[in-house]
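The following blocks contain the structures, represented as structure tokens.
Next, two complexes with chain A in common: one pairs it with chain B, the other with chain C.
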Partner chain A sequence: MTVIPEATLSVLPRADGSARYAHAGYTVTASVNGPIEAQRRDEHAFEAHVDVVVRPAAGTGGTRERHLESILESSLTQLILVKSFPRQLIQIVLQIETTPDNDYVNTKLVQASLNFPIVPSLLQAAVLGLISAAVPMRATATASVVAVVPQEETKRLVVDPSPRDLEQAQSVHVLAFTSYDELLLAESEGDFTVKEWDGVYEAALKICCRPTSTKAGINVMLDDSEDAAGSDMRQFLRSTVEAKVAADLYWK
Partner chain B sequence: MAAPSMSFPRAVFAKLSPHPYLLRTLAPQPPSDAAASRTNGRAPHEARPVHIHTSSLSHAHGSALVRTGDTTVICGVRGEVLPVANIPQYRPQATQQQQQDDSHERADERGGLGRGELKDYDLLVPNIELATGCAPQFLPGVPPTTLAQTLSTRVYSLLHSCRVVDPKSLRIWYTPPTAVGDEMDTEEQQRQQEEADDGDDGPQLAAYWVLYIDLLFVSLDGNPFDAAWTAVMAALRDTKLPAVRWDPDRQAAVLQSYSQPTTTTTATAAAAVPGQDKNSVKTTPLPVAGLPVACTAAMFPEKEHGGESMAASAEATVGNRHWILLDPDRSEETLCSETITMVVDCSEGGETRIKSIEKQGGVVIGRELIRGFAGVAEKRWKEVRDAMQ
Partner chain C sequence: MATDTKSLYVLPGDAIDKSLVPRHKKQPLRLGPGLRHIPPSAIVPTTAGQLVVEPRKNSMWMEYNGGRYVPAQNDLVIGQVQRSAAELYLVNLAAHTASATLPQLAFEGATKKTRPQLAQGALVYARVVLANRHMDAELECVSAATGKAEGLGPLTGGMAFDVSLGLARRLLMARSRDEGGVEVLELLGAEGLAFETAVGRNGRVWVGSDSPKTIVLVGRALRETDEGRLDVEQQRKLVKRLVREMR
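Let's look at the complex of A and B:
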């Protein structure tokens, strides 16, 4: 199980862009094709249609995958400059390769309930794939999942919870932010109050939107290590792309 | 675009360019003194009133018809008996322990362990159908739309995460006759099984009730999730399961009745005709915990085709306004990409418990708006609670 996220860009030779992303036990491969010609029924006169296909690790997609697709589609449409490609299609296929296995929880192959912990991996893979395909975007996005787990009268925030944590969690939250620190996606379920949600928001903001040192105004508070629960997603996204660009331009 | 010079009636204008039309009614230009409202005449934070009618289906164990404006949904709940012998991956140890171990039980209520039974054996089966013609985009002879699939996933997930149905109330027990007399009513039997010590001659879990929750949209005019969830809650609160007794010889559940025992041959047919002998069959209302209420709003942006770049939109103050439209109708839904759904439960008193937040499709609704939306959802909760009573 990877604690630190890992990503590789352009793993598939034939797709316009692709990326493999592994984090917290999930591995997702994204392939992006676009802008390509849209089917007649998907054609939109003013903007590109973003088509997301989620393929589960085993079996065929069900209602749960449709729900994930609709979440990702509405989020990615906000990121991609869809107005620049009227009557076109941008297709993103996300193949889930591995999911964290769990010795305690009886896992059924086909489940109908929402699957929050996989959303960050899917979104991250999709964003990396879009970057790899050079699809124009107005912003990138980072996402994280936070669970509130009760622990002896108090509550503990668990970032990237394991299936065991999820089973005991009182509430599970997925938050995604754009690179302008705007809240792009917020999905929560369980039992919580506005105050608890605020705490979760803070935690997720810290992971997704940590100010990078390359930006103006170096943050000195970054150094305290006890807050370093979870990784710095934005820095990760940046360094992954930087490494890829550096490797591609090595011949120069 | 000078509206008065056009000779179109309002309806044509609304159809031709819906976005400017809604914008003009929400933000009237200085010469007109019309109050800001939506095209449907409601204020931005005004929801449509809810009308609920329960027990209208005679062949379901519980049913509800919910109408909010032109959105009409009907929900029927039916119980079917599932013998444990028919469950492929049945684990009797887990449930027996859960029944006896009190501390474990408490952990269930807090954590998620109690969800296992409902989820593993699929004891709650919601299904949503958007009837042909409920809205113009639903054509006959097509597979279930993404909307229908998404809705049923959301309802399924919320049913489990809110724990509205206690798995204990869905268990059907069998007490071997050596321990107690076999002519015994359910309440006594249940009391007995709670007191019973462990051992082989104690009460055994014989079967489960599986609740099939079917929803049919008769007409859809926006905001399907709120209506669907209200219908599910109203129907579950209306559900009365027949009192059944487990017959070990036939390996089937049989109905208990006041007069002569009505027996059926197969387990699944035990509750087949709830309408029949309605007076003679004893029923117990299904206990439903809490009253979560869903509240949806859509964000209407001033710019029709979105800000071209997020950085650029920040500097432009004009053309950057937005309205939160509560309980959007169909024409508003087509104009708004960003939506928020919050499910709250104020029935426990004290602080409002949020059961779910779903915000997607945009970046305008941020932290402050979500915080503020909790208050809107609380108000909606009171309206729906009053409609349920």
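Let's look at the complex of A and C:
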């Protein structure tokens, strides 16, 4: 299931920055406020505190949302220049609007283990929201989720797996890379071998870090003939942000 | 004259070509907002925006319309007095941020016996003296060199409007029409409206006038210019429409 991602920046007029990101059936709206004053208990002497709140599509958050928050908080703290704002708070709220399958039946979470497929959408929405709020960052990030699905004798790597693929998958992995091609986040669940993980790593690296030569703003797609099945995350991020910057600087 | 870097939109963490960095024989390179120096020689953007290079002053900075004001030294800001502590006023520059301090004697002609009485909620036009990430910002309403106010001090009457940081920066430019693309205040003045304004770099514009209608009209013009992203021609039409509606 490869759907072209869509994103809009600055959708919420009262937040410092916001973004709406839709991909593979998930729609997430992120709002970013900061740097603002932190609560005494959250103050850190030399760094800003990054507070991520994930709100599900229906009902109030539970353990699943706390797990997602902890994953995202560690990644985003590495991206934001937290040392520039000691004792302050960067508040990121991620509201999940739609999911491809209805996880919730009678407001009770049915499949408690399916946390990972939404992480790339959450991370992308958060990164776009931070860019919209002009929070100083070290680099941008792109993420993708890969499932290892057994197929007859072999295993098949599925990028952006559908709920059907997830039911049959033996392991699910989510990986995120910074714009310097460094691994930012690697979470996995299920049974897998090291060799399988290497294959997953290569697949995610190809999706998230498709080489685009950027020399001071001029983009050149080096590999145009490569499969268009996987979306080029970085190019998408860049074009979305450039459209927003051009609109902001209309007066020039 | 800034180098023509019209299409130079960069994302945080992008590499900047060494040939774009200006060189000067005597002056050191000055980095403005949005850029970070990683020794020995890498200059990296920290926000998404347009890279602007000024070879004459040997400086480079990022142009973007950011969300929240972060105090920087020598900025002119409009603050709202929250409360007064010992010898200090605690002034709020933006919502949900720590207060800045304004000494009660940092006004023109203020001594221990005669100091201005600012009530809670009063507006002041001040300059940022100290802006350090580790400390609360400090303000002053008098020029330290000359001892004169030079336009700073309490703002009585009138009303303050919130604008985006980008528009506030453009209004504060010396040649706001040519370089900033904003002429709405001059146009309103040319239509015969009598008002005075103070623009704060923290996204607040104070408008004072004898007639409340004028204040509201100026505020509306500013908000529509900001939200509608109007260029100079559209601003002209907007001003004509608003003045016609008023009369």
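Observations, loosely collected:
We adopt the following convention: the second predicted complex is superposed on the first by the 219 of 252 C-alpha atoms of A that agree within 3 Å, B and C clash if a C-alpha of one lies under 4 Å from a C-alpha of the other, contacts with A are read in each partner's own complex, and residues count from 1 in each chain.
By our rule, a contact is a pair of C-beta atoms (placed from the backbone, for glycine too) under 8 Å apart; a residue touches a chain by one contact, two chains touch by 3 or more.
Small disclaimer: the values here were computed from a predicted structure and weren't measured.
After superposition onto chain A, the modelled positions of chain B and chain C are compatible, with room for both. In the overlay built on the shared chain, the residue A:241 is in contact with chain C alone; chain B does not reach it. In the superposed model, A:16 makes contact with chain C only, not with chain B.
Looking at the shared chain after the overlay, A:136 reaches chain C, while chain B stays out of its contact range. With both structures placed on the common chain, the touch criterion links A:201 to chain B but leaves chain C unconnected. Rounded to the nearest 10, the angle at the Cα centre of chain A between chain B and chain C in the chain-A superposition is 130°.
With both structures placed on the common chain, the touch criterion links A:37 to chain C but leaves chain B unconnected.
Shared-chain residue A:97: touches no atom of chain B or chain C. Contacts of A:180 after superposition on the shared chain: both chain B and chain C are touched. Residue contacts after overlaying the shared chain place A:252 against chain C, while chain B stays out of touching range. After superposing the two complexes on their shared chain, the closest approach between C-alpha atoms of chain B and chain C is 5 Å. Overlap of the chain B and chain C interfaces on chain A: residues 81, 138-139, 178, 180.
Interface residues of chain A, counted against chain B in their complex, comprise 46-47, 62-64, 66-67, 69-71, 74-75, 77-78, 81, 83, 105-106, 108, 111-114, 138-139, 150, 166-170, 173, 178, 180, 182-194, 197-198, 201.
Across the complex, chain A is touched by residues 6-17, 20, 34, 36, 46-51, 63-68, 70, 96-98, 133-134, 166, 170, 180-182, 229, 231 of chain C. Taken in their complex, chain B has these residues touching chain A: 89, 91, 110-113, 115-116, 119-120, 146, 149-150, 152-154, 156-158, 160-162, 305-306, 308-311, 337, 351-363, 365-367, 370-371, 374.
Looking at the complex, you find that chain A touches chain C at residues 15-17, 32-37, 81, 84-86, 131-140, 178-180, 214-217, 237-238, 241-242, 244-252.
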